[in-house]
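In what comes next, chain A is part of two complexes: it sits with chain B in the first one and with chain C in the second one.
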Partner chain A sequence: MRNALAIAKKELSIYFTTPTAYAVFCGMTFIAGMMFLAALGYFQRMSMQFLSFQQPQLLDHLNLTDMVVYPLLRNVGVIFLFMTPFLSMRLVADEKRSRTFELLMTSPLRPFEIMLGKYLAALGLMAAAVILLGLFPLIVSFFSASGTLMNAGTTSPVEWPTVFSGLAGLFLVGAAMMAVGMFVSSLTESVVVSALVTFVVLLVVWILNWQAGRMEGTARAVLDYLSMPTHLDAFARGAPALKDLVYFLSFMILGPFFTERAIEAHRWA
Partner chain B sequence: MIEVRNLTKRYRDLAAIQDVSFDVKKGEILGFLGRNGAGKTTTMRILTGFLPATSGTAKVAGFDVFERPLEVKRRVGYLPEQPPLYLDMTAYGYLKFVAAIKGIPKAKLKGEIERVANLTAIGSVMDRVLANLSKGFRQRVGLAQALLGDPEVLILDEPTVGLDPIQVREFRDLVKTFAGKHTVILSTHILSEITATCQRVLIIRDGKVVACDDLAGLAQKHQEQKSLEEIFVKLAEN
Partner chain C sequence: MNSKTLGQVLGAVGVAILVSSPILLLFGAAGSGFVLWQAIIGLLLIGAFLAFDPGQVGRVISGKGTFFAATAGGLGLLLVAAVAVGNYVAASSFPAQWDLTKNKIFTLAPDTQKTLKGLTQTVHAYAFYTPSDRDYAGVRDLLQRYHDVGGDKFTYQFVDPDKSPAKVREFGIKKDSGPALVVALGKQQDKVQAVSEEGLTNAIVKISHGGEKKIYFTTGHGEADIKDTQATGYSQVVKALANEGIQSDTLNLLDVKEIPKDAEAIVIAGPQKRFLDPEVKLLSDYLKVGGHVAVLLEPQVRSGLSGLMKQYGIQANDDEIIDPLSRLAGTNLDVPVVGNYAQHAITKDFNETTVFPTCRSLTALSDPSAPRPLALATTNPTAWGETDFAQLAQGKASPEGMVRGSLAVAIVASKTLPAGRTDDRSSEIRLAVFGDSEFPDNRWGAIGPGNQDLFMNTVSWMAGDTDRITIRPRSRAASHLTMGQREMTLVQFFSIDVLPVTLLAVGIAIWRVRRSK
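Now for the complex of A and B:
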């Protein structure tokens, strides 16, 4: 475990002493901020309209969690789709390219420890990303509590359980994507190939349910289940089922497992 | 300490090394000679467990490198041809990381890093980012990494590449102090390095051992050649 932690620490220190993590996180928060403002603007227009209808009871159906935070968290999944390949691309591929893989493979480390260290670092990055994104609901709650966003008393405050479920869902999406990215990275020496292939694989998994609409029965259910947004949506709505968790966990187990195999394979060829 | 028996490594049709056998006794310094592409690096990579052999066996300290990799890796310090540096890290951060994955206890970590830094004279660059170091310093940080944990066996692949003449001399003096304490395999193109530091020489050509003897024995066998250089040219040239 100490070995894995040493590797995780090394990975994170490289991410955070080079511009990589900062560039990716900046991009992520900037785009998320645009999405956030758009959702907030829409919410404001809707509440103004409802007010002008003189139907205050309709306002009860408007709430910040459902109209701002929920779409935001869902859309951030798409940002993750673009972001994670850039974070995962160097995990193993860069070690091979810069010959440091030789150091890892000739040190008294098990392939499992190498993999675990790398994946822990990846999870650390995703946790940092999710914490940054948690600032948006925090802003919403701050302003809705102080009543500046709209008339006090008419808005329901942010429902934190739903928000936390959504953020947990995002973390799982990130963790699953990093698992795919790490495995792809362990198959190549080129970070560019690594990022590109990861992106293509993730995009396919992301849009799998676009085909579901044309299908019926089992095929439809299968495609729906296999595509990632279905499960992120369940978390963002605040009602994740066990199958949603199982979906993400299967990535988080299979990705590292295959990565470990890919690293071990180097000892054989 | 090191036993190599009938080691062969094939990449498809290309045989990088064929039927290589040799022994290195404890505390001995073996000079490993051969032209570029003769199979020096491949042999060293097999000995360190980085590559598997196609056939044959290699044992370090009695442990088979393929069957018991961790036992072997714990005892071997390895400097590859290209020093395996994380260029984004500082020299100190890098050595700390390597010390950690080599299992050096936390309490001894600082002292051990200081020790190897002194041996390789890199104390002045410990806080600098490796990417900004000159080739000679990078090479020495790589050497420092191999020395961490005071391993019984040192495998050094062209360790003096990029060093200036004074550093080369310092390096030779350092290696001489290893005699008797560490078992060393040292590959190089520089023949004077061998005569200065090594007790025995192993010369390979096209993946096959052509000579494995101590310096005196080699001189006796090839009396018509005046120097090691001439012997090398005769043996290593096809």
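Now for the complex of A and C:
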């Protein structure tokens, strides 16, 4: 375990002492920020409109969590789809490209520890991304608490339990995507191929439910289940079930297992 | 090119074709037969690769990596299978979701949970939705929540109306009426009026509680025949009632000493001759002990029931409703179209138009001794009650000197009986009077979009339980913001300036510092 942590530390320091993570996070927060502002602006316009028309019954249907936070969290899932291949591409492939992989293999480290260290680093990255995204609801909450924003009740308009559930869901999405990315990365020497293949695989998993739309019965249910947005959705609206958690955990088990086997395979090749 | 190279090319093509076949099955337009052939060709090409270079097989089998690959692959398959089982078990056996919302909007109301847990037979819901319907996901989630609580006592399936027209016919779903949700228990069915938790729970209560209920149609006065499949018969609506668990039978009041005990309601559908005094007394006595009677009248007919109706504050006027501005296109003057309904259990969530061919108007009397009647359905204000039948017979009518305005075509009166009386048949007297008897028949029931439903709602109100379950829809607590330009600018500043720019700055700084070292 100590060895794994040492590798995780080394990996994280590579991410955060080179511009990679910053560039990706900067892009992510910028795009998420634009989505957030668009939704917030729309929400505010609706509030104003209903207020000026004196339509309290319509005001009762306005909800910040439903109209701003929920779509934001869902859309960020799509940003993750584009972002994670860039973060995961170098995990193993880069070691092979820079010929440090042989060093790793001749070290007393077991493949399991190498894999675990790298995956822990990947999880750390996703945790950082999710914390950054949590700043958006925090900004709304901060302004409403400081009294410059008016809200219907006396408390913050942000439903924190739902928001935390959504952020947890995003973290799981990121962890599942990283698991796929790490495995793909362990199969190739080229970071470009690694990123591209990861993206294609994740995209297919993401849009499986588009195909579900034209089917019926069991086929539809299975495709819906296999598709990632179905489960992110459950978290984002604040009602996850055990199956949603198990779905993401499946990726987090299978990805590392196959990565470990792929690393081990180098001893045998 | 030597045969070995050729073999390798063929093998590569084979692998590509084989691997792509399941993906094509999922995303491509090709049918499964085509994909199967593709997979077979892929396998043949791989076979050709091995045939061209037989030594390859031996090398692979004896290779030191093969043992590892086989064990890793086997273990991997086992793990994939285990994970699949884990997912299946989690999805099927632990359906409960954690509801983290403030108002618990994803949790079914206690009444619904009680209803679902009390089910002794399986209720199956058919959702007639096309996958592209807007509410599809919402309805699926709602049904899944019911299934999660009810287990195998509540099951559901989606039926695509475009793909399964037979099912649509079987359930009598009207064409182009949009999505529909039907719950079924055994042979009974009920269409959910409003697709919501309240509507669905009430539909389940209705078909699971009631069992078979019975209503009687009176005979002997030229009333509409419930078995008649011709235009003027009631066979269609009676069949629809049977689907909702309400059986119909006929009753000649002169043959019996009292209204049968199993009667949930008596329907008098368009009598052409007078009811005799003993018959009226029978009905009157029945009403007094909590009976339920629906009277469907016709203009220019003396039914002999006016005294009885007057006791409950309802008067049938000797006229015929004419509404030149709101009538069914292509018909005579005397087919008013009605779209105004009062707030009542019968017309709850009911917004379809109804047409009443040759209908007399009704008046709710303000007699303080009688229970207060309610005008259930009224015509447009442009209507009038024509009393000059001779002129009308020639196809002419004029509003001069006639009663004009919104005229009632249906009136209901109900009166709650004091509790504790042993002879009562129910806790409430219910009387519904319509100025027309043709609206639910085989012909007009098919023409008026809401005709059959209005009649069926009336009968189910008469035969139904008084205690409908009311569930307030749950939604997130309202929250709104009003921000000035300054606050909006600040939020904007923090979200797309401060946050990304800080990250960018740190990134560039680290990059520069490390390069300069």
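We take it that the second predicted complex is superposed on the first by the 256 of 269 C-alpha atoms of A that agree within 3 Å, B and C clash if a C-alpha of one lies under 4 Å from a C-alpha of the other, contacts with A are read in each partner's own complex, and residues count from 1 in each chain.
FYI, a contact is a pair of C-beta atoms (placed from the backbone, for glycine too) under 8 Å apart; a residue touches a chain by one contact, two chains touch by 3 or more.
Given the structure is predicted, the values throughout are model-derived calculations rather than measurements.
Chemist: Taking chain A as the common reference for superposition, should the pair chain B and chain C be classed as clashing or as fitting?
Modeler: fit
Chemist: If you stack the two complexes on chain A, which partner ends up touching A:192: first (chain B), second (chain C), both, or neither?
Modeler: Neither partner.
Chemist: If you stack the two complexes on chain A, which partner ends up touching A:127: first (chain B), second (chain C), both, or neither?
Modeler: The answer is neither, since A:127 touches no partner chain.
Chemist: Have a look and say if chain B or chain C is in touch with more residues of chain A.
Modeler: Touching more residues of chain A than the other partner does is C.
Chemist: Based on the superposed arrangement, let me know which partner A:268 touches: chain B (first), chain C (second), both, or neither?
Modeler: Both partners, chain B and chain C.
Chemist: May I ask you to decide whether A:99 touches chain B, chain C, both, or neither, giving the answer as first, second, both or neither?
Modeler: first
Chemist: Examine A:108 and indicate which partner it touches, taking first as chain B and second as chain C; both and neither are also allowed.
Modeler: Only chain B; A:108 stays clear of chain C.
Chemist: Please work out whether A:14 is in contact with chain B alone, chain C alone, both, or neither, and reply first, second, both or neither.
Modeler: In the superposition, A:14 touches chain B alone.
Chemist: Should A:64 be classified as contacting the first partner (chain B), the second (chain C), both, or neither?
Modeler: second
Chemist: After superposing on chain A, what angle in degrees do the C-alpha centres of chain B and chain C form at the C-alpha centre of chain A, to the nearest 10?
Modeler: 150
Chemist: Quick check on the superposed pair: does A:26 touch chain B, chain C, both, or neither? Answer first, second, both or neither.
Modeler: second
Chemist: Just to confirm the value: shortest Cα separation between chain B and chain C in the superposed three-chain model, in whole Å.
Modeler: 6
Chemist: On chain A, what residues does chain B touch that chain C touches as well?
Modeler: 17-18, 268-269
Chemist: Quick one: which bits of chain C touch chain A in the complex? Just the residue numbers, please.
Modeler: Residues 23, 26-27, 64-65, 68-69, 72, 75-76, 79-80, 83, 86-87, 90-91, 94-102, 106, 131-132, 157-158, 160, 163, 475-484, 486-488, 490-492, 494-496, 499-501, 503-504, 506-508, 510-511, 514.
Chemist: In their shared complex, at which residues does chain A touch chain C?
Modeler: So the residues of chain A in touch with chain C come to 16-19, 21-23, 25-27, 29-30, 33-34, 36-37, 40-41, 43-44, 46-48, 50-51, 59-66, 132, 135-136, 139-140, 143-144, 148-153, 157, 159, 161-162, 164-165, 204, 208, 211-217, 220, 223, 225, 234, 237-243, 245-247, 250, 253-254, 257-258, 261, 264-265, 268-269.
Chemist: Which residues of chain B touch chain A in their complex?
Modeler: Chain B reaches chain A through residues 45, 48-50, 52, 66, 69-70, 73-74, 76, 78, 80, 82, 84-89, 93, 97-98, 100-103, 145.
Chemist: Provide the residue numbers of chain A that touch chain B in the complex, in ascending order.
Modeler: 2-3, 6-7, 9-10, 13-14, 17-18, 98-110, 267-269
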